[in-house]
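Both of the next two complexes hold chain A, though its partner changes from chain B to chain C.
And then the complex of A and B:
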């Protein structure tokens, strides 16, 4: 059986990317994979519904980080989706027989090793299968502290979960990696691309404009939806922000960790300062979440209200706008 | 974010030790294990309360004979008609009709088997209308 470097991480996709690269001898931290994979994002799409709730996302769409990593010169990845379940499992077994650790996109609901409180129909989870013993697969799931095991038919179900973002048995593995990863241009590229999506999106539901749009809508929820539904919506926003895999603060802390690491690599003071400001933005998101939790629990303090939550989000938006403007200017100087 | 006091409350993750990014005393980010931030628990708890409420409502409807027991299984496993239709590769209108007790009671064994396999129960459970716990909460 092959020796796979399982390392627990805060977010599944960047964790899988980092673990797969590390296995091929390129040491890269999760935060770095998240940064150069352009994982940070904001979008609020009320017309897309998840369990009847509007879609709020603090990160790029599933698969985005991996797509960015493939775009790195010298990195090549084999990817395949399937129609047939048996064929998909057979191909997985073949790859494992050749000692290749395989990344899979799965649904969370069908994975028995997941704690039951997290088993929602969420289909964009990533994990690495690195071995098979009898009818059990050995899985390195990046959000778990230790490798786990899963029965073959449960894994097959998880790979063919239906619904939004259906994985369709997607599997992938690295076929080629460069001898050494030159990080400096990748960091600059990643930073440029994130600041662009956060600041310059023509679509008003994305980036800083999206955050302000959320604030505007959120302030009106109690009137539009009634108290109970408004609280449910609020809980949903907080869950998306703080759920396992966000590293807390809606991925802002994870991105700040990336900026800190980049500051070391690039020998650049400004990135350190940006990391500190982004931490401030993350703290504002947390302040909002704490207030939201108090409201949901009916333990609101005197000045907790939907209006003050909207103000809090707007404050976060202003901070993020400042950070990403600064980062954009920095990236311009590092083509 | 400052490094918080480690919370002993395992809460919603059922004891799963997750990691997240936090600043250490030197102001550097590191992955910190074993910390669940309370607001997530509140939000998650709220979501499960809502699901539990829906399940109770569905149980009552099944008991009153207004819907078939398939409705309970659908709701208990957090599905809606669209999702259930996709999982069983049937058109939505068929699934919609199967929620009606009168129609459900006349379903052929092959259709019942599809549902039973999906929810990992015996076909007999569906015929007898026994309400087993959902997939994620085995007995």
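And then the complex of A and C:
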């Protein structure tokens, strides 16, 4: 049986990336994988609709972290999508027989080891299959504290879930890693890239400008949409923040952990201070989300309102602007 | 149920306006969130609980997955607070 270093993580893609690299001897934390994989982002796209609601995302698109990691010199990854389910399962079995742990993209809803309350239609959930016993696959699913098992039929269904971000049987595994990962240039590159997307995007819907745009629109929702639909929009934004892939607050905390770890690697006090400030921004996102939850649940406190939420988001935007300006300046000094 | 678990149950009921819940019927291992929860709470309630716990006990649930694990039951939540306080 393959000895796979399962570690629970906050976000599936960065967790799988960290676990796969660790298995190949590159000991890396989830936060570091998230940071050098340029996982942090903000985008508010009111013209893109999901179930009739505007798209708001607090992290890079699914697959972005893995793409960034395989762009690291010396790292190579085999990736394949399939049309045929049997072929996809057979290739998975062949890789396992060769003692290769395999990353899979799956649909959460079809994975029976998820408690019913946690199943939802999200087709970009990553996990690692590291063995097979009889008709059961042994899985390192980063959401869970311990490895889990899944019947072959269920896993096949999850690999071929239909709908948005359909995984199409996608599997991937590392074929090459460098002897040693030189983290310093990767940290600088990751910080530079995230700072750029948060501060200097030409699109007003992305980064700090996008956060402010969301605040401006949100303040007007009750007048524009009516109270009932405004609350629906609000519930959706908060669910996207806190449920779909860890959430705004959660991602800010994870990036802060990356900065904290990077401060040690780079021996840089500034990164440590930025980590503390970003944790503050994460708390502000949570404060907004809690206020939104109270309003959606009809138990608003006297000071809760759409205007207060917009003010809260704008406070978060100002905090993030300050942090990423500082980080951008730091990155310029570390080409 | 130990003292902290009872205190947490009261806090959750107050936070989520659960006035008609019979607190004596809730066990330490009952699910806190989701359709199987005797409290009838959902993910939006979970969010408020996470924020309230941070305010009251100074313990932050850093991510969605952490809060999912921690908010499985009163026993899990109490243990998490004891460990991280």
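To be clear about the criterion, the second predicted complex is superposed on the first by the 330 of 335 C-alpha atoms of A that agree within 3 Å, B and C clash if a C-alpha of one lies under 4 Å from a C-alpha of the other, contacts with A are read in each partner's own complex, and residues count from 1 in each chain.
In the analysis below, contacts are C-beta pairs under 8 Å (C-beta built on N, C-alpha and C of every residue); 3 or more make two chains touch, one makes a residue touch a chain.
Bear in mind the structure is a predicted one, so any value in this text is a computation, not a measurement.
Overlaying the two complexes via chain A brings chain B and chain C into a clash.
In the superposition on chain A, contact is made by A:116 with both chain B and chain C.
Contacts of A:128 after superposition on the shared chain: neither chain B nor chain C is touched. Of the two partner chains placed by the overlay, neither chain B nor chain C lies in contact with A:138.
Contacts of A:231 after superposition: chain B is touched, whereas chain C is not reached. Applying the stated contact rule after C-alpha superposition, one finds that A:260 touches chain B and leaves chain C untouched. The partner of chain A that touches more of its residues, comparing chain B with chain C, is B. Residue contacts after overlaying the shared chain place A:331 against neither chain B nor chain C.
When the shared chain is aligned, chain B and chain C each come close enough to touch A:239.
When both complexes are overlaid on chain A, the residue A:293 reaches chain B and chain C alike.
Applying the stated contact rule after C-alpha superposition, one finds that A:89 touches neither chain B nor chain C.
In the superposition on chain A, the residues of chain A contacting both chain B and chain C are 8-10, 115-118, 143, 145, 235, 238-239, 242-243, 246-247, 253-254, 257, 283, 286, 289-290, 293, 296-297.
Residues of chain A that touch chain C in their complex: 8-11, 115-118, 142-143, 145, 235, 238-239, 242-243, 245-247, 250, 253-254, 257, 283, 286-287, 289-290, 293-294, 296-297, 299. Those residues of chain B lying in contact with chain A across their complex are 1, 12-23, 27-29, 31, 33, 37-40, 42-44, 46-48, 50, 77-79, 83, 86-87, 135-137. Chain A contributes residues 8-10, 30-31, 51, 109-110, 115-121, 143-145, 162-163, 231-232, 235-236, 238-239, 242-244, 246-249, 253-254, 256-257, 260, 275-276, 279, 282-283, 286, 289-290, 292-293, 296-297 to its touches with chain B in the complex. If you check the complex, the residues on chain C that touch chain A are 16-17, 31, 33-37, 43-48, 50-52, 54, 60, 62-66, 68-69.
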